[in-house]
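What follows is a set of structures for review.
Both of the next two complexes hold chain A, though its partner changes from chain B to chain C.
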Partner chain A sequence: MPEPLFEVRDLVTRFRSEGGEIRPSRGVSFHIAAGEVLGLVGESGSGKSVTARASIRLQQPESATIGGELFFRGQDLRKLDAEALRGLRAKQIAMVVQDPAAALNPVMTIGDQLTRIHRLHGGSEAEAREAALLLLRRMRIAEPESRLAAYPHQLSGGMRQRVLIALALICRPSLLIADEPTTALDVTVEAEILALLDELRRELGMAMLMISHNLSVIGRICDRVAVMYAGRIMEEAPTQALLATPRHPYTMALLASVPRGTKRDGPLPAIPGEPPDLARLPPGCPFQARCPGAAPQCTAEQPLRDIAPGRKAACWRAEAA
Partner chain B sequence: MTPPLLSLDGVSRHYATKPSVLGRLLPNQPVVRAVQDVTLAIARTEILGLVGESGSGKSTLGRVALALEPPTTGKVLFDGTPPGDNLPAFRRRAQMVFQDPQSSLNRSLTIERILESPLVVHRFGNAAARRERIAELLGTVGLRADMMRRYPHELSGGQRQRVGIARALAIEPAFIVLDEPTSALDVSIQAQVVNLLVELQQRLSLTYLFISHDLRLVRWLCDRIAVMYLGRIVEIGPAEALWHAPRHPYTKALLSAVTAETLQPPEAAGDVPSPIRPPPGCAFHPRCPAAGPRCSREAPRDVTANGVTVACHLHDGGVS
Partner chain C sequence: MARFLLGRAATLALVLFGASVLIFLVVRALPGDPAIAMMTSNATPAEIQAMREALGLHLPLWQQYLTWVGGAVTGDLGRSFMYSNGVAAMIAERFPVTLHVSLVALAIAMAIAIPAGVLSARYKGGALDHMFRVVAMIGISMPVFWQGLLSILLFAVILGWLPPGGYQPLSAGLGLSTAHIILPAVALGTAYAATITRMLRSSMLDVLGREHIAVARAHGVPERTIIWTDAFRNALIPTLTAAGFSFGYLLAGAVLTEVIFNLPGMGRLLYESILSRDYPLVQGLVLLNVTLFVLINFGMDALYAVLDPRIRR
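And now, the complex of A and B:
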């Protein structure tokens, strides 16, 4: 197996909350090869966003990360000083967040924000402008010249999100971390942006970590998927295998609860109960209280283990399935 | 045929934009045409789904249907009479469930006070009878009676939305507008709430106007679907007919964006134009893959065939 581009081993994060100490990531491991798209899917509170930010040391405060190893091109990210880390994040690793209104500078024009990085790297004004225009055209933004002079609030939500992606891609990163990049967008614009991201990954050989709660988005763009629940990866598999034959009871229940027919087919198979309180997790599997197949064995730790070539699950039943 | 419970006849809702100092001196202030010439009827115990992207006017239409806003032109009839003829009586029979239970429930009140308020407004019994009714309502939406002593922030998102539904049901309405009631919820919790909505609709013979951007969910839940684009209904018909055989190019684009299993170039490129200056002719023509010269010249008429009404030149003599 070739050395992965990005590898996270046993990541643990910890926060204090009103209810007590919580651990949004409880020993999360994954790897991404060059040009590969890994999906990280989970519901709110599953720890997917904290895990993603902590994996590139963006989680604040940094002391929240209390364990784990992070390797990018074989380099240990935890050993880098702040300046080296910033350099790496500026040139090789980029991140796109869900809310473009919060991520763009409201008092700088789109053009200034898009050309800033080029200028910081010593490029000329004209070169920087040319590169920015090229990217806006790729993002299918109409009238790119006039958009350069616009401020973020003058653009629609879909356009702002495309500007944010352009900003992330301007240095041609080898890894893009995208946290719900299309969740705030309308479905027709979403389809457009996903197609664009896929095109850019083929062209630049860019790897992606795509974080989403939307299984349809994950299904369309990811090569592999990791399913998170209460700070743990419950299942990991190639996308088509995961969607067609989920092996962890949580993945099965999640897929089943998406509406597929009409109400005449009977009630939606909902997952009973609520996600667990992270400050009061039961011993063993965090899904046991809602799992239709729960048994005494579930109170023992369920490590993520190989169940088939390329497939992992954190459930003692998974092999029998 | 029994008359519809709610009917909208040529309803438009326009908003004045905030004028600049100079603008106030000029005639013809720009207006936002949030809803434009909508005619539809909702039958008793029907669930009508209203889908569209942000800015399509679907929430405004819901508010006009509930007489929370007056139509700029056109007529709303509930059970054959204008809501304004007896607004208190109308409010007893028509209620709303909002998208975000976090912000639509008063955070400084207990669940008991939140649910009591509509009962007090509509003069329901004495304190003891109200308390009994609140316990019953909580049971109806699948919550324990002791939840009434809690505050909204002590509840999960799913539980809060159940309280929002209980509040709408408090005075036994016949008609409920649900505006994206599950979009703030996780998939697993969404399914629980949707099942509850179906069960309540059947048990209490309710009529719903269900506003959503989620086509899969609308297909699952609704009898008929209306698709809105820039203030107009471009297609309306039985849910399965729209899902399996969409006729308007915009409905097709929405469906292909939702049902695609692989990445494909979208069928409607670009952003939704502003409702202040909607494109001339058919408002969808700048994004439409099938548009012809007629589409920018002439607004399409509604054409009905096999129970589906569609406003598109493709189905009315062609686009050239």
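And now, the complex of A and C:
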């Protein structure tokens, strides 16, 4: 296997909350090759967003601590000082998030926000403006010149998300963290923006960590998928294999809960039970309380292990199968 | 923008009208008769009545009000009962003192509050944050007059560096004037600095937790830019409200501070005028305070519009 662009080993995040210590990531490992798209799927509260952000050393909340190793092009991000980390992020990393209204600075014009990111790499104001205009055109934003002078509140939600993506792509990063980038959008706008994002990603040869709770979004653009539950990766596999033959009971339950077809023959399927309280996790598999196949073995730790070439799962049943 | 400001100006006029009615009625609802207050204790009822007529107090209330407001619009606030000077002239004499102290105090307050608030938020939970918190608590809890007395004791009595009180206008020379103004301005300024610091700290923390800050960090924007450009400008909007109110309170005059430092300002004048039931003087001073407060609010609104494009529309 060639050296991955980005490799996360045994990532642990923790912070204190009223209910006790919360660990949104409990030993998460994954890797992304250059140009590859890895999906990170899970229900809300599974820790996927905190994990993805912590993987580039963004702490949320700020009091959170991060453990593990984060190799970017062979360099451990955790060993970089603040300035080196900032420089690396500026050149190589970008992030798009779910809520574009909150992700753009309300008191800065679109143009200022775009050009200042471009200028982190040097170059003149005129060059930065040119790059911003070019990118806004690529994002199919009408009248890009006048948009540069606009403030975020003057744009529609879909338009803001395009600007946010432009903001991420303007420095031609090699890794994009996409944290539910289309969740807040209408279905039609979502499809359009996903297609656009994928097109530009291919053009730039950019790798992507795509966080979503939506399996159809994941299925459309990811090469591989990691399924997360209660701070752990439960299963990891190439997208098609995972969707066709899920091996972990949680993945199966997740796939079964996706509404299909148009027949209205009963209530929408849902995973029974509630996601576990992250401050009070049972020993062993975190999914055991909701798992239809739970057995005494499940109270033992279930590490993520190879079950087939390119496939991993954290369940003794998956291994036996 | 023009429409926004015009709307605010209309509100301002309405507030001033309401306030003038209220001031006029409240002053007259105060117990005590100014005519009696001005006479010796053995004055006859006839003499008192003559005095009432001389002061115009025998007229119906609406007529008294119209006379007062009619004058006020043209800048004539009537004559003081006690000093028989024009109220406008008396205020014109005192106001520069209060304005001078207030401006210096506000500058001191902001000069302390901005770095302290920003640094407290930047290093939340750190030693600096705790230090500023303790200092701010002391600043909020310690009465201004007490701080004033201590500073007079130290700088005027023990060290002899500064005069213990009195006022010198700027025309008397910057050095001399500042030597007189600095102790009261610091006493007032630090008190307001404490409140503004806490306000700025909490709005900075609020903004720093927002998604656009995380995005800026992910894109490698330098932390200094994030603090001062991304966070500070957004956090300034609620902080300006606190600063604006502080300035309003400062301009109303600080009675105790003016007494301690022997400053001939508005606070003392208001205090004396209330004690002597000097209706025109009380009315004039309070009306000026209200006007200033409303004008400051108006200025704040205009500033918000400059700072926050969402308000401009």
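Note that in this section the second predicted complex is superposed on the first by the 302 of 321 C-alpha atoms of A that agree within 3 Å, B and C clash if a C-alpha of one lies under 4 Å from a C-alpha of the other, contacts with A are read in each partner's own complex, and residues count from 1 in each chain.
The rule is simple: contacts are C-beta pairs under 8 Å (C-beta built on N, C-alpha and C of every residue); 3 or more make two chains touch, one makes a residue touch a chain.
Keep in mind it's a predicted model, so treat the numbers as computed, not measured.
Please work out whether A:Ser216 is in contact with chain B alone, chain C alone, both, or neither, and reply first, second, both or neither.
first
Of the two partner chains, chain B (first) and chain C (second), which one does A:Leu194 touch, if any: first, second, both, or neither?
first
Looking at A:Val258, would you say it contacts chain B, chain C, both, or neither? Reply first, second, both or neither.
In the superposed model, A:Val258 contacts chain B only, not chain C.
Using the superposition on chain A described above, determine whether A:Gly74 touches chain B (first), chain C (second), both, or neither.
neither
Please work out whether A:Ala103 is in contact with chain B alone, chain C alone, both, or neither, and reply first, second, both or neither.
second
Look at A:Tyr151 in the shared chain and tell me whether it touches chain B only, chain C only, both, or neither; answer first, second, both or neither.
second
One more residue to check, A:Pro296. First (chain B), second (chain C), both or neither?
A:Pro296 sits against neither chain B nor chain C.
For chain B, which residues are in contact with chain A within the complex?
Residue positions touching the partner: 53-54, 156-159, 186-192, 194-195, 198-199, 213, 215-217, 219-221, 239-240, 253-254, 256-258, 260-272, 287.
Quick check on the complex: what are the chain A residues that touch chain B?
Its residues touching chain B are 43-44, 140, 142, 156-159, 186-192, 194-195, 198, 213, 215-216, 219-221, 253-254, 257-263, 267-272, 274-275.
In the complex of these two chains, what residues of chain C are touching chain A?
The contact residues of chain C facing chain A are 124-125, 208-212, 214-223, 225, 229-230, 233-234, 307-310.
Would you mind writing out the residues of chain A in touch with chain C in their complex?
53, 56, 58, 60-63, 82, 86-91, 93-97, 99, 102-108, 116-117, 120, 151, 153, 164, 167-168, 171, 177
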